[in-house]
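First chain A sits with chain B, and in the next complex the same chain sits with chain C.
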Partner chain A sequence: MKILVCIKQVPDMESRFKANSQGVWFEETDLAFRMNEYDEYAVEQAVQLKEQLGDAPEVTVLSIGPDRVVEAIKKALAMGCDRGVHVQDPAAATRDPWQIASIIASHAGDKGYDLILTGMQSQDRGSAQVGVTVAEELGYACATTLVGFAFSDGTVTAKRELEGGIKGVVRLRTPALVTCQLGLNVPRYPTLPNIMKAKKKEIQTIAVAELLKEEPLATTVSFHPPARKGGGIVLEGDVGVLVDQLLGILKDKTAVLR
Partner chain B sequence: MKALLIGEYRQGKLLDSTFELFGFAAQLGGETAFLLVGDETRLPACDGPLYLAEAAECGEYNPDLHKQLILQAVARENPDFIVFVHSSYGWDLAPRVAARLKAAQVSEVIGLTDGGFEVGCCNAKMRRTVKPSTARAVLTIQAGAFPARQPNGTPRIQRLAATGNGGLEFVGYEPAEAKDVDLTRAEVIVSAGRGVGKKENVPVIAALARALGGELGASRPVVDAGWIEHSHQVGTTGQTVSPRLYVACGISGAIQHLAGMKKSDFIVAINKDKDAPIGEIADVLVVADVMQFVPALTARLQR
Partner chain C sequence: MSAKLFKGAEYLISEVSSADVFTPEDFSDEQRQIGATTEQFVLNEVLPHREEIEHHNLPLTVELMKKCGELGLLMIDAPEEYGGLELDKATSMLAAEKLAQAGSFSVTYSAHTGIGTLPLVYYGTKEQKEKYLGKIISGEWIAAYCLTEPGSGSDALGAAATATLSPDGRHYILNGTKQFITNGGIANLYTVFAKIDKQHFTGFLVERTTEGLSVGAEENKMGVRGSSTTQIILEDAMVPVENLLGEIGKGHKIAFNVLNVGRFKLGAGATGAAKRAITEGVRYANERKAFGVPIATFGAIQEKIADQTAAIFASESVVYRLAGLIDDRLATIPKETPDYYEAYQEGIEEYSIECAIAKVFCSEMLADTVDAVVQIHGGYGFIQEYAAEGYYRDERINRIWEGTNEINRLLIPGIILKRAMKGEIPLQKEAMKAFESLMSPSFDELDDSLPFAAEKALLANLKQAFLVLAGSGVQKFMNTIKDEQEILLAVADVAINIFAIESAILRAEKILPALSDSRKASIRAAVKVFTFNGSEKTASAARRAAYYIEEGDTLTMLLAGIRRFTRYDATGLLQAKRQLASASIAAEKYIF
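For the complex of A and B:
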């Protein structure tokens, strides 16, 4: 059995973002990057399945981007993936979801992966398109937003998260692609021995030009902060003073404090 | 200009979110057509063609068949836009349709601008304006971003059918977990988010809730991490609340959380990140470390 996990490296979301010189995406200087949170659940699920099946499946982790994304690949290898594929693309941030999906699909097209896992969306773009589009291009069965996953005899039983806390249960025959929601499992922290072991694992580098054959279908024309709603009061300063200020406002504006 | 709107139907009912599609279409302008895989008992009174396929035959969730039905309607209507709600139904189905049509997709649209469509990014802290390069585009609209609108017209019902098994088998629904905490009746809710740091800090937030005579709420990450039970979760997949006072402690303000609490009468956010999106809807944003500020506030209330 062959499993592919697709991961993205994204900035820490607590960062302050400012537009780059083209004004269409964030300026990368001063940002700290990490594995997209949703993708950590995809990696964990792949590794859990490998363990369930007695170590038999080979788990490949793929990431597209500049050299910094190798750090995210290394983390996935330390979590238990077997080998890495780095699609070297310094301009990855300018690609639209259609192009990213086409890169993954052209890599996966002749590899015979039985199961592909991705996060349901990235924390930075949040388009929630790439996984489903890859499945559509490869003709794989696909289920999104998984909060439950079970595998036996070539069939995935997936629990999809719906609105209002309801779940929808579906079965998919492999080859299949699933996208993972937060809370699907508990992603492990790589241990020091596993980090050391991961250093020996192979990371294959492929130039993006070998895989990218598609033009973008959509263009980002502007990246900017939201318009401030106004009206909200911002309190900053010494904690003791802040407590007094807040209590004053609550007494004034709400009937909660009597 | 023409938009094909894709309605949502679950557990035998047309979902209310469907009417937000008409609110969006009114802002977009032009003609509309509507498609629903459902039943004919409650259909929107929209002008223009209404494509109806029976959920009894095509399933409530069968993306491969629903995709085929939508492609049939697209072939007949030749719409400029195919519009879904950005929901577990819409984000699942839209990319399948877009891929088959090789059409641009713009996800989770929150507004229209001259240059294109406005969408959130970077955990809702920033915005992008996106322009489709293809003549036809698939859009998903953010739930709650456009006003629900009841159309007032006469639909021309056209029946659609599709057959086949599709790539997956729908087994059934699992009900939401029983709620032993009814936050919807609480006058005050004090919620903990990831910013509280660790499970051991949750009692500090609970103590503030008690001091204010309220209930403890939670954002999704702290529930996923097992710090607080799911029955306390506020948001799209938890409870939707509207207390007189909502205090968000260390909650950045993901859209799914905001959707569950933005109707609160008065919102206080405590966050060390001045740019956190929760600040967009808070009446008061206290820029401070939650674990320093909250105990000080509780102590003062108890004095």
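For the complex of A and C:
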């Protein structure tokens, strides 16, 4: 069995972001980067499946980006993936989801992966398109926002999170692609011995030009913080008058009383 | 690895280049990951239980130590053939630094992995290691180190505990009381020092279940309350002869060599604790309002943040520079050497001066930091609900244990003089040269095109000041200098500050080219602030030493020299402090 996990390296979400000079993405200078949280669930699920199947599956972890993303790949290897693929692309942040998905699909096309796992979305761009587009391009069955996962006899049983806390269960025959959501599992810490062992695992580097054949379908026009909200209104006076004032405001300016 | 292998204390008599120092920015991906795993463990597994741990839930502490074992955090220093990882000191210090955020729990961890485990690693026989090491690095057993006694602390060799061979020759019978034993109440294996026939100071591995060994009551301590500290009482404790550690009469080697690493590790821990404390202080300063604005906007608060951020930068620089020095030296010893650990010990002992420096400098840096953090909190810093209060109490012990800061200060000039006598350091010759330059000042212009030119010129001068003072002291007191403790303390302060200032400058110079403009500005500011504070402290210590040593015209000449040797043009100091403070306030944490 062959498993592929696609991960992205994203900035620490506690960082203070500012727009870059073109105003279409954030300025990366001095930011600390880590593995996308949802992708950690994907890595953990792949490693758990490998353990469930007695070490039989080979788990490949793939990431697209500049050299710094190797650190995220190494973390996935230390968590238990077997080999890494680094698609070397200094301009990854400028690609639209279609291009990113195409890069992954053109790598995976002839590899015969039985199962592909991705995060539900990235914490920075948050398009949630890459996983499903890869599935479409490869003709794989697909289920999104997994909060439960089981595998036996070539069938994935996926528990999905729906609106309002409702859950749905779907079955997929492999080859399949699933995207992972918070609550699916608790990602392990890479242990020190595994961190050191991962040093010996292979990381293949592929130039993005070898895999990217598609033009973007969407262009980011602007990246900016939300406009500052106006200050609150402080009402003063007699209670009776205040109630009337408040009702007036709620009727005119909000949908609360409609 | 750096370009040149430096000897211990060599920094005082030669110029060191930035290529020769290891810095936190030189960590490999693996080291960074180990740091991240350690930090995540502390944040997610330990800190949520801080209250319980502080209230002495020792079973929880033992449980967490097992988790440390599962993650591999207890096997960093252990040899591979016994299941350890045998990683370098830089990694070991990084783990200690990250763990130090855990307060009391980090005391349990440090005592276990440091003085608890290392005697066995360095001096244990194959059989002893096979029997105990696996249990210790997995966290199944906790380890403790028993040296201090009710009547002997700094004078550890004055121990009264005794060991007597049993009539059948199969056991040593141990008697005595050990005091302030960290992990005493939770340990399963104790490294105990006692005198065979009241004469030969020797180490023993003593299991908890040994008949005749009992554990005293938990001490009620000022700080690090969640850690276990007890007496260990030995009453005719029967220890099998095969549990004698190292050689008979050579216990002092074990006791002192292990302390070198312990002191070094304490420096790393103090650095980690200070980072956490200043982060808390900055957060509070942003949150708390006075006169309608956050107190972080006030210069009075900003100055504290700037001074401590710069000091922590220096502290980090000291710790990892020393890690690099030791790692480089240990890397020259082939693993297959039959007496590997003997050579290894000598490698570490080479830097006993720097280990003492790290201990003193980092612990006092932490003391200043937690004091500033309490002050930033105002009245709330005095209330137990606020973390600042705990940081303040927990800090105090660092200036006492692993050799008091006084003992460590005395060691510094003490070892330097010993090595000079043996001809290992050309102190005499260099002191003569320094005297000459005292008489004939040079008026070389600074080459401002070089990075940190003013700071480097100051460094060269501070080294001259050290040599002049050490030379004067030896000339005046000859062999009795070792009894002039006030002078030794002052001279030690000069040596400590030189190492710290130099470490900060060299790290800054090394990392500067790769940084963004805003980071460059912060680093330059940190160097300026720390160099100024450090040079002022050095000048004060040097003057103190001069007054203690000399009088009359010689004193006047010495004081004039000190004035010249400690001169530092810190133009832009206020802007530097504001720059550093505003970067810290924006990031709401320690920024380097």
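Annotations
Keep in mind that, in the parts below, the second predicted complex is superposed on the first by the 231 of 258 C-alpha atoms of A that agree within 3 Å, B and C clash if a C-alpha of one lies under 4 Å from a C-alpha of the other, contacts with A are read in each partner's own complex, and residues count from 1 in each chain.
Convention: a contact is a pair of C-beta atoms (placed from the backbone, for glycine too) under 8 Å apart; a residue touches a chain by one contact, two chains touch by 3 or more.
All figures in this text were calculated on a predicted structure; none of them were measured in a lab.
By the touch criterion defined above, A:M13 lies against chain B but remains apart from chain C after alignment on the C-alpha atoms of chain A. Once the two complexes are laid over each other on the shared chain, residue contacts for A:A78 go to chain C alone; chain B is not touched.
After superposition on the shared chain, chain A has more residues touched by B, the comparison being chain B against chain C. Contacts of A:T191 after superposition on the shared chain: chain C is touched, whereas chain B is not.
Look at A:A32: by the touch rule set out above, it reaches neither chain B nor chain C.
Touch criterion met: A:K199 reaches chain C, while chain B stays clear of it. Look at A:V70: by the touch rule set out above, it reaches chain C but stays clear of chain B.
In the superposition on chain A, A:A209 contacts neither chain B nor chain C. With both structures placed on the common chain, the touch criterion links A:A56 to neither chain B nor chain C. Across the superposed pair, chain B and chain C both touch chain A at residues 16. Interface of chain B with chain A (complex): residues 10-11, 61, 63, 86-88, 91-92, 94-96, 98-100, 102-108, 115-116, 119-134, 137, 143, 167-177, 187-188, 212-213, 220-221, 223-224, 226, 230, 236-238, 244-245, 252, 265-266, 268, 273-275, 277, 279-288, 292-293, 296-297, 300-301. For chain A in complex with chain B, the touching residues are 11, 13-14, 16-17, 24, 26, 96-98, 101, 120-121, 123-129, 132-133, 136-137, 140-145, 157, 159-173, 176, 182-183, 186, 215-226, 228-229, 231-236, 239-240, 242-244, 246-247, 249-250, 253-257. Only residues 16, 29-30, 70-71, 74-75, 78, 189-196, 198-199 of chain A touch chain C when the two sit together in their complex. Interface residues of chain C facing chain A in the complex, by the touch rule stated above, are 29-30, 32-34, 36-37, 40-41, 70-73, 75-76, 85, 87, 516, 518-519, 586-587.
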